[in-house]
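Letters A, B and C mark the chains as written, and numbering starts fresh at 1 in each.
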Amino acid sequence: MKYRLKNLLTYCAVIGCTGLLAGPTYGGTEALLDLLKVLRDRGTISQDEFEILRNAAMADEEEAIAEQEQFKKEVAETGQASVKVKTDYKGLTVESTDGAFEFNVGGRIQADANFFDEDESDLGSGAEIRRARLKAQGTMWRIWDYKLQVDFAEGESEINDAYIRFNGLKPVSFTLGHQKVPISLQSMTSSNWQVFQERALIDGFLDNEDIGRRRLGLNVGTHGNNWTVNGGFFGEGTDDAGKSNENWGVAGRVTFAPIAEATRVVHVGGAAYYRNFEHDPELAFSNRPEAHIAGTRLVNTGVIPEADELLLLGGELSTVWGSFHAQGEYLRAEVGRENGLPEPDFDGWYFQAGYFLTGESRNYEVDKGRYNRVIPKGIVGQGGWGAWEIAFRYSTIDLEDNGFLGGEEDNFTVGLNWWATPSILFRANYIRAEPDPNSEATSLGGIDEDVNIYTLRGQIVF
Amino acid sequence: MKYRLKNLLTYCAVIGCTGLLAGPTYGGTEALLDLLKVLRDRGTISQDEFEILRNAAMADEEEAIAEQEQFKKEVAETGQASVKVKTDYKGLTVESTDGAFEFNVGGRIQADANFFDEDESDLGSGAEIRRARLKAQGTMWRIWDYKLQVDFAEGESEINDAYIRFNGLKPVSFTLGHQKVPISLQSMTSSNWQVFQERALIDGFLDNEDIGRRRLGLNVGTHGNNWTVNGGFFGEGTDDAGKSNENWGVAGRVTFAPIAEATRVVHVGGAAYYRNFEHDPELAFSNRPEAHIAGTRLVNTGVIPEADELLLLGGELSTVWGSFHAQGEYLRAEVGRENGLPEPDFDGWYFQAGYFLTGESRNYEVDKGRYNRVIPKGIVGQGGWGAWEIAFRYSTIDLEDNGFLGGEEDNFTVGLNWWATPSILFRANYIRAEPDPNSEATSLGGIDEDVNIYTLRGQIVF
Amino acid sequence: MKYRLKNLLTYCAVIGCTGLLAGPTYGGTEALLDLLKVLRDRGTISQDEFEILRNAAMADEEEAIAEQEQFKKEVAETGQASVKVKTDYKGLTVESTDGAFEFNVGGRIQADANFFDEDESDLGSGAEIRRARLKAQGTMWRIWDYKLQVDFAEGESEINDAYIRFNGLKPVSFTLGHQKVPISLQSMTSSNWQVFQERALIDGFLDNEDIGRRRLGLNVGTHGNNWTVNGGFFGEGTDDAGKSNENWGVAGRVTFAPIAEATRVVHVGGAAYYRNFEHDPELAFSNRPEAHIAGTRLVNTGVIPEADELLLLGGELSTVWGSFHAQGEYLRAEVGRENGLPEPDFDGWYFQAGYFLTGESRNYEVDKGRYNRVIPKGIVGQGGWGAWEIAFRYSTIDLEDNGFLGGEEDNFTVGLNWWATPSILFRANYIRAEPDPNSEATSLGGIDEDVNIYTLRGQIVF
């Protein structure tokens, strides 16, 4: 009985049946059989009568079981009732009982405010919807995944993810479409689960219309118990949809996690991304001071004339040790130019550390080589107080080399994160941004004074 | 048995079980127990045999009940089957059985046509998709709400609502994000449930890129049985996403409904909205003649130089008396300017009345201080003819004061609404628009002749 | 029992019950009744005892059945459990058990690459997300349908379908909103189910901002077993949302299918589309060489001055014969101009044929007079290899007439389609595009050399 129960629970958990568990039914039959035996042994009924009655009872039971099998079959065929429907902290998910099909609708809202404390310059304090996304994703016939995610925050829609993934040759997967280029731990980690409100300065090497965090291409990925390898060929982004766009790139990322436990992680990663710009050499590097509303960039190379190729090289280190976590990255951009013009190399790095006052650990996804959702021990709305995290980051970028004076910048950030629920975050950051006073970036609208920045965010991921 | 049934029905209505109701099971057992008693009393079986057989039967029954309890527990834990799924006139809604989680997907389509009958001028008759929206909204852990609604009608996406709401301190709620500024009954009432195709002329004081029906901010609201109070701090709208935007505002609205029954309502409301424009004084007031396709505005102040602040003051009165309803609003805009420049005050008001020929009443939401969906007595598709409503409106706005000659306009509107179902509306409006012939608005492309306007709308809300 | 089972299965397939099938229950009771009979006949129990016990057992059974009926009633009333939820190759669908309400969320992703092999000119090889769409559609109260579909591929959102449909007078349906104008088999057939990556050259007569595949209007349609008739009045597209737009058109399409079987189809169709351009005569005709990424158009009339009306006339022929299918269309554009200016007529046609190597047939929708989704015999992910299709197309357009030298173009295409699943397609096309060397289109950026084009697509429809 217990064994049958186990199976049935799995099955029933899905279609919400319980009749299959009608133990007493069989019980009724079994008890009846017991009685028949007794009556036979007492001679109250004859062996023949016993057998007839027993067979009748057994037949009834078999018929019932047959009906239940038949019903299970019909359900499986029609598929009508054979789905799991879930609404939880991940929007709405519907999954077919055999797991072959899944469909999810969700999204995110990030509402930000930035306050700039500057003297000579005006970075423009204010508020904005940083990200407002809707997505639909799913699985078909078990081996086909897809995802379409659109961002509406910039006042016009922008495709983030738009891809088809083939998982038919596990553990190898092939992803075709608009997707993240495999480089940089902070870039691979969703904006939802960053430790700080904005990624560190070196993200300017990627989050750049000429290079792009996401590109349209084909990525091949695989992973083991504690490592991942990804490599792909990438065209341009969707901003250029419909227009001629012959620029292309290749990128690869490798991660290794000698330790990858729930509360203990050591992560090492490296990546390279080559892009060719023959067809519109408009390459430029700059970034905001880790505050997205800033109207001015403190570092900016301006357009690098006749740049025709770029090589990005990145190294990653990260660890989780109980409630403590640390992460550092180095990113280097080597620009190639035509006609033997001088070729600048720019670079930068950051180091950050954080601690959960409430005992949680940062959530490492070993098969992706990135971090994921924080699950608070106590949830606000269920009597808990959420997860409280404090963090520090030092971040620097150097855009001065070989005659290019795009400036240098050092940022010091302290942050407080309140993960009220697995889906809801409120955070505050204080950033001390120190640009290089001798930078030529000022001539590009940059500024050369130190700035104190206060940022706030309310976020829900559904 | 009956009592157990009651519980189970509640439970089963959700997971679609029925086996829990397998009365005959117990019946089978009970009847068997009856028989055993008889056989014992007849001496056909001994007391010992009786007890053994009875215990066997009882044990079976208890095991079955235990299994069912166990299953209920598993369902509750996995949550997999424990949802209500509904598709009705509100798109798709999934709710967890404990009510802690809810997710809804829906939207609206409004297809309009405007015909202008003018002599000298050309307002440009035509058709448009007035609104085409998709939304996802929900509840998490009972006390957290969210809503993301995007409009696609203007040929590019525009965020309407994008907020997180905390309901953990009922009846007080905190709403963070892009949301309606609490002022004006016609503005707080969804465009879906307006009596006329467009809001009255004074909506031009709000539906203005410098002021905005919706703004990014934090609103605190509460309500009693017949009153509401809302107040908040508001930055700019999402149109300015990513750009510096230091303008800000504070707004508050109070409503009181001495009578708030299903078919009898008296509503009184007042609101104030202060905005500061130091950082881009581009303030201007104008509006279309209550016909959105109009290529020309009949009233228009043009930019008011050096305007640096604005105070909007509004008063609301509304009533529902059986099938009759009436509503009036006054809105006043007091402009502040720098350097002691003359400061104009503009204002306007409207009065409207309507009547349901088919006996419905306008649907007042007392806890929001606004009107909601009309529910027809008869539904087209279920043998009914929908709700038929006639309405009249007088609307006026005065944009002339203190040297500013933005014009005056008086509009007379008659409307016919056919609420075919709770989600589907077809409407026709005739508007007589009479601008002030001496207005300077003409110099801004306005016109000074009276215009006859015919408007049509087909609408579905899902 | 069997009969009851049948009913219950229908019912249960929906609410996922199975307890209703608790045969053994009744079995238990039945077997018990058998035993009682025997015991009575043996005189072990008296006729009175027999009747009491039998009635007790029967009563239990009746109570249980009553409870089940009661439960069925409650479910039907609350409607809570009474939905079918499906996730399959059509995204997510929820349907009320009575079929009166249905809601579907889905979309599509098309990721393309184009490679141009040219000598003098540069058409700009590259990649793009060709289409990325989300849609919500449904049915309310059985007779009301709606659909809202938005495309995000162009880097900003664009409304495709946004309409309400009334089906209350079957087989006549009224569709109000933004929808396809009824003309041209290849235009009426979804981009998902085209035989080639892009529609044939003559689609340039429709896919034109002045004319439009989709327009805002009212269409009336009906159909019989093997014919369809559609006609409507159409304003402008949603690109012009909010701006004056007095241009209008009327269109009608008739299709007839003397043979319309699963694997044998003969389709004949004809259509006419008149548009009036009095209010902004900017009419021009051109098209890309059946490769959407092409930065240059090989045929282009440029703006036709003072064009004030247009008549499109189209004829369609198509057949399915087992795994073979063929299709041809002719489209003619007759331009009317003001002030007796010479009025050009342009035209073009295509013929295509295809064959399924794996035995499928093209899927004809007789009630819509168009083609629909290909269902492979074997599905990749279920041990199959999908459907493999080869196809050929000759396509031509002539934009030279009456003094206008927009050029002529002949395209020869061979295509390979791999329908891996009913939702997933990978395709490759080779196109030989031969523009008219003497065309004036070159003066409009067109080119006069023959071009070899290679195109690829990955597509998922969910």
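Just so it is clear, contacts are C-beta pairs under 8 Å (C-beta built on N, C-alpha and C of every residue); 3 or more make two chains touch, one makes a residue touch a chain.
This structure is a prediction, so every number in the text was calculated from the model and none was measured.
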Tell me the shape of the graph of touching chains, choosing from line, ring, star, complete and other. complete
Copy-to-copy rotation for chain A and chain C - C-alpha atoms, rounded to a multiple of 5°: 120
Taking all residue numbers at the chain A to chain B contact, is the shared part over half or under half, that is, same or different? different
Could you give the separation in Å between the centres of chain A and chain B, each centre being the mean of its C-alpha atoms? 33
Shared-contact residues (touching 2 or more other chains) in chain C: 15-20, 22, 25-26, 28-29, 32, 35, 39, 44, 81, 85, 92, 105, 134, 156-157
Chain C - residues contacting chain A, complex: 1, 5, 9, 12-32, 34-35, 38-39, 42, 44, 81, 84-89, 91-92, 105-107, 109, 111, 113, 122-129, 132, 134, 152-157, 292-295, 379-382, 420-421, 423-424, 458-460, 462
Which part of chain C faces chain B closely enough to touch in the complex? 15-20, 22, 25-26, 28-29, 32, 35-36, 39, 44-45, 49, 52-53, 56-57, 59-61, 63-65, 67-68, 70-71, 74-75, 78-81, 83, 85, 92, 94-96, 100-103, 105, 134, 136, 138, 140-144, 146, 148, 150, 156-159, 162-164, 168, 176-178, 216-217, 235-236, 238-246, 279
